[in-house]
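We call the chains A, B, C and D, going by the order they appear; numbering starts again at 1 in every chain.
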């Protein structure tokens, strides 16, 4: 059951240029939220921007959630002006969470850029519910955009860094790093990032027989399954539909179900 | 010459419910500004609200100006959220100031509600340039909306209070208070407030042969004489136009030139 | 005493004048998680077609200043799934249902109306003769929507009219020179009401990629950006037809809804704004009740077309 | 090397593709206080009529979501004052001038064009066949603007064409079913360019007073709210005419201007947004130059109609 709540900002920090962590006091939402789900933030009270902005939960606490975001345009710029003590309208939790499946020995999370956002919550859930510590590949354009390293260290996750420009970790794409880790049928991969990065990750997983869960992105109007604006094409019908809604049927999908030819 | 300046908010206070004083650091504008002129504030960076908001100068200092305003709608609500240290784009000074005419023994300012806004600056200018201390009629719906009493006291102005509900001063309209002060041909009146209040003030002045300058209000798009949206009908042609621009030909007009039948 | 908000829209009794825009409320279930959707004057369904439709390729929507462009292309579950899964839910909730339909010919519309009536799956029919998103914009030119051609409006309306006794509303497009013409055609052909407006045609281009933002290139513009256009079209139609109007286009608040009612609408629909505020339609109902009390309006019908010119 | 921004709009050479919307820049003087207006590709004047016009009664404008409605009603100084006071100033500044004209008959337009040419007071003529604010909305219905009727567009264009050798642009209204039709009529009748779009018809009502917000009831909607509609109309016209297009409607930034150019406009005009940001047009020019450099575009004309479909 999603809620519409006015939530107080309890903290808000710039982590690296253009990247922020926002903590929101939202007891009802926090109580129901699961890793992989998201919320829709009303960044402005007027009609510009007109729509809410989708943001997944970075971490889920007892009474609050944290959001990790990157400035992309007007909406995130407005978001970044919020000060602790101010409030913002939050709709959520929305979408399907990452499934937590016990039958895998190895869990590898693959993050591209701000696609790191849902993984702290997922790592915590995997550790807490499955008793396994996942590995993580953190890939970004450049060093300053590698986020959450310390958080994953503290959780004891094995971390693989990669940058496009070689300024930190390997100079490689996330999908190549994954291949080099030689995952097998005992492995489950989780990926989140730009569509081309997830496509490449899916291909590697397909090659190696790895189950892969992708958290997709799409332009969203409602976030609630109503407008049919956020669809992606599935390879098979999901609940009698080819065009599946990222917001409602996802955002987390088995990557094998998605038609990646479009990306 | 008007400027377009990013100006820092140096202070911002709520004076009474819904009424604020905003002080802006704007050396260029402050240097040129004169009592009765106004500026256009960009209350938002996005496209809603789309237009700037006109606000006159309450007081003009060396490097800064103060604005006295009342929350009316979305634009002023957004304005009220500005904190000291933040900045706002200001266009000004715009419009024609109150003329300072030495040939009057008695100067009476007539303010209705937030129409008080231009008078502190005007009083200062009259005292400084003409060596006369003006009187002021401060009228409002109710006690808590009577503003700037202390400021006028400090300047030594004789103050006449009036409220619609009798909660402070006389229970009377500003125009009636003016009539009771028995102004004559030696008097110049200045009025600012809602159109019906200015119309009534004009009628009193007409009756008594008092020269009356009115600072008019109108919906404005450009504030610069360009859009022709803010016009009022004049009784005679002003620069070959019947429809005169409040923003450019005014906002201060000799009340005898305006066709008040429309209000 | 609270005002009487009930309205009669061409035979459809609505307990208040507020419904939702077709395609902005799906089939009601999702938003029922935020408020009891049976409190609406009526729920208007997504356009239903005979076969399920997959719609256009993504991207299908983009935000615009104070609005949005969409080119969904009428993705819908099809009439069979609607009758089997959606209508029973709506009925069970006690909703008044406006069944919005879309077809490729007068016969298809007639068939859809017939089935909805036969299965008791709608209390009124709204025929969407104005969807802008089912044509290839590369080749389309001029008059491509049924609602752009009064003669076709006549033919389609007659066919549907012959197929159903339910109140029949014809949904028109604003992309015309004079909205009064198709409205008059619909009225003459037996429609019980006019639903206006569907979206304005629009498009966007990404200068960085030089590609259209929507896969379909052209989409429909909705939201507060278009509200002034919609109010004007309601007024234009109200001046010439006698049947009631369901007004929509950018309604967000009760004050917006009142503009439509004062211009001549008997009922109103909240569209895109539900995406931003899922319970916006409910807030409009509350705001209308509050307005009526504040202005001593005993019966909201007093306000229909009550603009003072 | 900086890009070449020069464009040829049907014989009018503009040093960059940016002009301003008629009626949003007066006759240039006011905004020259913010930036050197001679740096614009051209200054387009407020619509000029034979006699001065007082325009409509106030209120004449109201803000709307991401836009505004206006019903100025063509208040202007008249051609005589323009020739005596305004044109000399523009000439003295070194501005390229697009003289926008409005008349009540083909003869009036012809006369206006003739006088502008004879006195060297314009470098091109833009004939406003589409002002929405000179009719009484209470009685008007249907086709009330010249630009809504292709036959009238033909007659008016021919008359003006016969009167002047200056490049002639015809300004059309978006309030039509298919903007291509009047555009084709104008082209066939000898126009050198099409200026689109003028404002969309719209209105607003104050629920508290139940009165229309504009004294004229109906006004023209402009600003970013209508941009998607304008881009689409430019694309529609670009597909069918060979003469250049001056695109406008909600342009605020260079990115917005590029949408129009990629859709097929040769030049663009910044309209209402100048009210918010008096130097917006100058910023658009700078932004276009920056874009061309960043994308290695040597000549901005490469971008005209270069949308990849």
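The rule is short, and it goes like this: a residue touches a chain if its C-beta (ideal position, glycine included) is under 8 Å from a C-beta of that chain, and two chains touch if they have at least 3 such contacts.
Note that this is a predicted model, so its numbers are computed, not measured.
**Student:** Can you list every chain in contact with both chain A and chain C?
**Tutor:** Touches both chain A and chain C: B, D.
**Student:** Taking each chain's centre as the mean of its C-alpha atoms, which one ends up farthest from the centre of chain A?
**Tutor:** It is B.
**Student:** Determine the centre-to-centre distance between chain A and chain B, using the mean Cα coordinates as centres, and give it in whole Å.
**Tutor:** For chain A versus chain B, the centre distance works out to 53 Å.
**Student:** How big is the gap, in whole Å, between where the Cα atoms of chain B centre and where those of chain C centre?
**Tutor:** 46
**Student:** How many angstrom between the C-alpha centroids of chain D and chain B?
**Tutor:** Taking the mean C-alpha position of each chain, the two centres sit 35 Å apart.
**Student:** Chain D: which residues touch two or more other chains?
**Tutor:** 64-67, 223-225
**Student:** Can you list every residue of chain B that touches 2 or more other chains, as numbers and ranges?
**Tutor:** Touching at least two other chains: 46-49.
**Student:** Based on which chains touch which, is the overall arrangement a line, ring, star, complete graph, or other?
**Tutor:** Shape = complete; every chain linked to every other.
**Student:** Would you tell me which residues of chain A are touching chain C in their complex?
**Tutor:** 1-2, 4, 42, 47-52, 91, 218-219, 221-233, 240-243, 248, 262
**Student:** Okay, in this complex, where on chain A does chain B touch?
**Tutor:** 44-49, 74, 78
**Student:** Using the touch definition from the top, list the residues of chain A that touch chain D in their complex.
**Tutor:** Against chain D, the touching part of chain A is residues 46-48.
**Student:** Spell out the residues on chain D that touch chain B in their complex, using ranges where they run on.
**Tutor:** 23-26, 30-31, 33-34, 46, 52, 54-55, 57-68, 70, 72, 75, 77, 81, 223-225, 252, 272, 274-279
**Student:** Which positions of chain C touch chain B when the two form their complex?
**Tutor:** Touching chain B: residues 65-66 of chain C.
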